[in-house]
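Heads up, the next two complexes both have chain A, just with different partners, chain B and then chain C.
Presenting the complex of A and B:
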């Protein structure tokens, strides 16, 4: 038991981070499942984190309400900026969301209420491990149900071919806005949980690099299933810990992984179709040699 | 006071234009949003700094080193990564994601090689003369920056306009397939474009490094975001648009910093970008095109 206590004391932050990153990767998975490449999810996370932290610090709201507000605030922002932005597609959408992320970061950096570049300090540590597990499980379950629902199928149709989807009578704009906003809800939740598990937040944690990190996790894992993003988040969170001996060159490994995946594993690490194929080949080989 | 700000704005704007020119060239010809262009900027600055401080070479050699190192890096990224993705006909976003990976690798390598602290050019190397026109003080350095930026941009325009290779490039920008059918060496010109664009980015990096006398591994990130703003302002792939957009952003940024709020200057660029995208996705000067997916 004591060994476990030691282990927990050393690694609990890391385990919390894995869970929060998994939630973020799922939030991007949701937007990508509708064919939208958004670089705004880090900003949504930041909006959720700051909203939640300010409500706890100044108004002393109960934690469940803080979490709900942390999820809803970025969703409201997503609704407002989504309506005009989502008319853009492909790289133009990526650029617009990047610009939104930068404007958000600069605003947070310069407002008084957000504490400027120093950020917010002394946020009570209200997040416990079971909050993260519960929310991650609920999000996973909801997303799994969503995939098989009418809405999930519509997302997939839009991703594959927007024009064809429109011809089938799918409300393309409405569904895109839904995917973007629901993604913001998950990212905001991750931000609120993160703010209450790290004691301290600053604008630096929600910039372009973080948007890229979220993207890397999701792409590395693969978007063909929900396991992919969680797997990608876990690997990329644990990897830097394992690569400590590389010092400053540590991040280069992330970059190389991203390039390698794009070049050699376009569908990501966890491609259910490929795995099924491999499994079948393995079985066939075993049955072939009695 | 205003005149002085205009000089600053022209200096900054011409470097923005030079940087964005390479960025937009790659988009126009290769149809790739090359997010590693900021890393080229950083690499050029470090290449020049190294040559100047370690080898005690004059600044002119530093400029050549910046062009060569950045150009070769751009060439390597194209030959090793983008070429394979072209062969596979990967969708547009895939090469963009790959260039993000390349940026992470290069930034991290620079942090490992040079450390994270700000590095400076030795003072004795920088031209110190000042010209005084009425109430305006213009540093010789600023004149040189504007001069070099415009010289390189003019050279690029002339090449694109009047040479065989330039015409071939414009043909590729219209349609790579048709250009290949006409016997144009498309792959070769893709490589040449990547080299040229990265070399221009490298010089821009050196010029900014000299202007603020500060070189850091992370200096490519803010300029990349500004380059994106410029290219959106001017229209993606539009060479003239990059020139005007760069100058415009330089003036908008300096003037809003001087007269509105010193912190919000950076927000102006992205606020503008956001607005332009919503109102005129093809850019201020662009023809209204069908949105490219």
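Presenting the complex of A and C:
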């Protein structure tokens, strides 16, 4: 029991980070499932984090309400900026959302209430393990149900062929906005949970680099199922920590592993089709030589 | 066995070597050794290593050897927390030096404070660091202690009536430096002709400088890092702006001269450390650092070196029992009483007051050195 207490004391923040990153990867998975390559999710996380932290620090709201506000604030922003920007597609959408992310970062940098570049410190530690488990489980369940629902099928149709989807009578704009906004909700929740588990937030945590980090987690894990993004987030968060014993070499080894995955598994680590294929081949071989 | 396996085994072996022998004093070092902040973190680590090696060469502290457990926190807040937790709960160190950046300290400091372990910053200059709790220490001198002296000295020397201000507004360090400058100028009743801003990575400051030139100030106050400040100086001279610069701690880097050459002549800068300070403690430090690392030390290495000396003095005064919790607390009680005369001159702690009005952590109580740039070098200003 003491061994576990020691382990938990050392690694609890790391485990929290895994959960929060998984939530972020899922938020991007949701926007990607509708064919939208968005780089705005880091900014949505930031909006959620700042909203939540400010409500806790200044108005002392109860934590569940803080979390709700942290989810709704970025959703409201997503609704407003989504309407014009989602008319773009592919790399143009990526550029527009990237610009939005930068505008958000610079705004936060220059406002007084957000503490400018010095950020906000002294945020109380309110996130506990069950908050993260509960929210992650709820998000996972909701997304799994969504995939098989009318809306999820519509997302998939839009991703595969926008024109064909429109011809079938799917409201393309509405569904895109829904995917974008729901993604913002999840990213905002992740931001609120992160702010209340690390004591401190600053604008540099929600910039371009982090948008790319989220994208890497999702793509590395694979977007063919919900397991992929969670797996990608877990690996990318744990790997640098597991390699700590390599000291100076660890970032180099970390990078080599990533290059290896991208070269040899271009569809991501968890590709359900490939896994099914492997399983079938394995079964066939076993039946071949009993 | 191939080379990679050998390296791996070596890494594993060195990890085992760190695990303590009874009587070892384990001290955690959490600094940014990779990433953007490594330019500060690496000299800091070197300063600690140098001091620890010297202590051990003299037979340790009361016969106990100092063992450094060095971890890389990459200048990121999550990493800083992870490293702090590893050092506290797994390596069971007596105290932790670091992290490098103030931002990381804001994230990791509360962890150490809650676990009742001393976190000792040597490079955190932001306001509010020591307010976090009684276990937070630093020997880095705050800008609010340095800049009033710098400004007063420069104003007297150049008979300055009005100044222009320019600063980087997207960086925690340069923005808080500006806040201090602003307050100092108000306190010393010096009118500001104009206040201009730029962002990190800017290379063209001509628009801001042209505006500044039009207001005809007697001096330009600049809160920026060496890279941008150097370019700023060159462009100012190019525009025929002759007013001298007054800078903050960000100027204290040899990088300033790589670009600016002689454009920075007459600039006033305050620093907690002077490499030419003739005291024996400093001369010894500069020579020993150069011999060990083949490079000139900077202010960050000097502060780390002194911090280790401070910790050693505290450790010498306590009786190490081997019970980690008892020893950590004894060290926490002994540290504030330490006063030394190190590479950065005479040093003692000053207790700060927390947000709740209760006594909190400890700041440095030191007088800064004032430099003026002459012939492309920092020269200690002696009033002439």
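Simple rule for what comes next: the second predicted complex is superposed on the first by the 268 of 290 C-alpha atoms of A that agree within 3 Å, B and C clash if a C-alpha of one lies under 4 Å from a C-alpha of the other, contacts with A are read in each partner's own complex, and residues count from 1 in each chain.
FYI, a residue touches a chain if its C-beta (ideal position, glycine included) is under 8 Å from a C-beta of that chain, and two chains touch if they have at least 3 such contacts.
If you're wondering where the values come from, they're calculated on a predicted model, not measured in any experiment.
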Partner chain in contact with A:245 - chain B first, chain C second, else both or neither: second
First (chain B), second (chain C), both or neither touched by A:272: neither
Touched partner set for A:198, first chain B, second chain C, both or neither: second
Which superposed partner A:109 touches (first chain B, second chain C, both, neither): both
Contact breadth on chain A, by residue count: chain C or chain B: B
Partner chain in contact with A:11 - chain B first, chain C second, else both or neither: second
Partner chain in contact with A:149 - chain B first, chain C second, else both or neither: neither
First, second, both or neither for A:90, with chain B first and chain C second: first
Chain C-contacting residues of chain A that also contact chain B: 106, 109-110, 247-249, 251
Touch list for chain A against partner chain B, complex: 37, 84-85, 87-92, 94-96, 98-100, 102-103, 106-107, 109-110, 162, 208-209, 212, 215-216, 219, 247-252, 254-259, 262-263, 266
Residues of chain A touching chain C in the complex: 6, 9-14, 17, 106, 109-110, 116-119, 121-122, 125, 198-200, 202-205, 240-241, 244-249, 251
Chain B to chain A touching residues, read off their complex: 33, 81, 84-85, 88, 90, 92-94, 96-98, 100-109, 111-112, 115-116, 221, 225, 228-229, 232, 236, 261, 263-264, 266-267, 270-271, 273-274, 277-278, 281, 291-293
Chain A contact footprint on chain C (complex, rising order): 7-8, 11-12, 14-15, 33-34, 71-72, 77-79, 81-82, 85-86, 88-90, 103, 106-107, 109-111, 126, 128, 132, 169-172, 175-176, 355
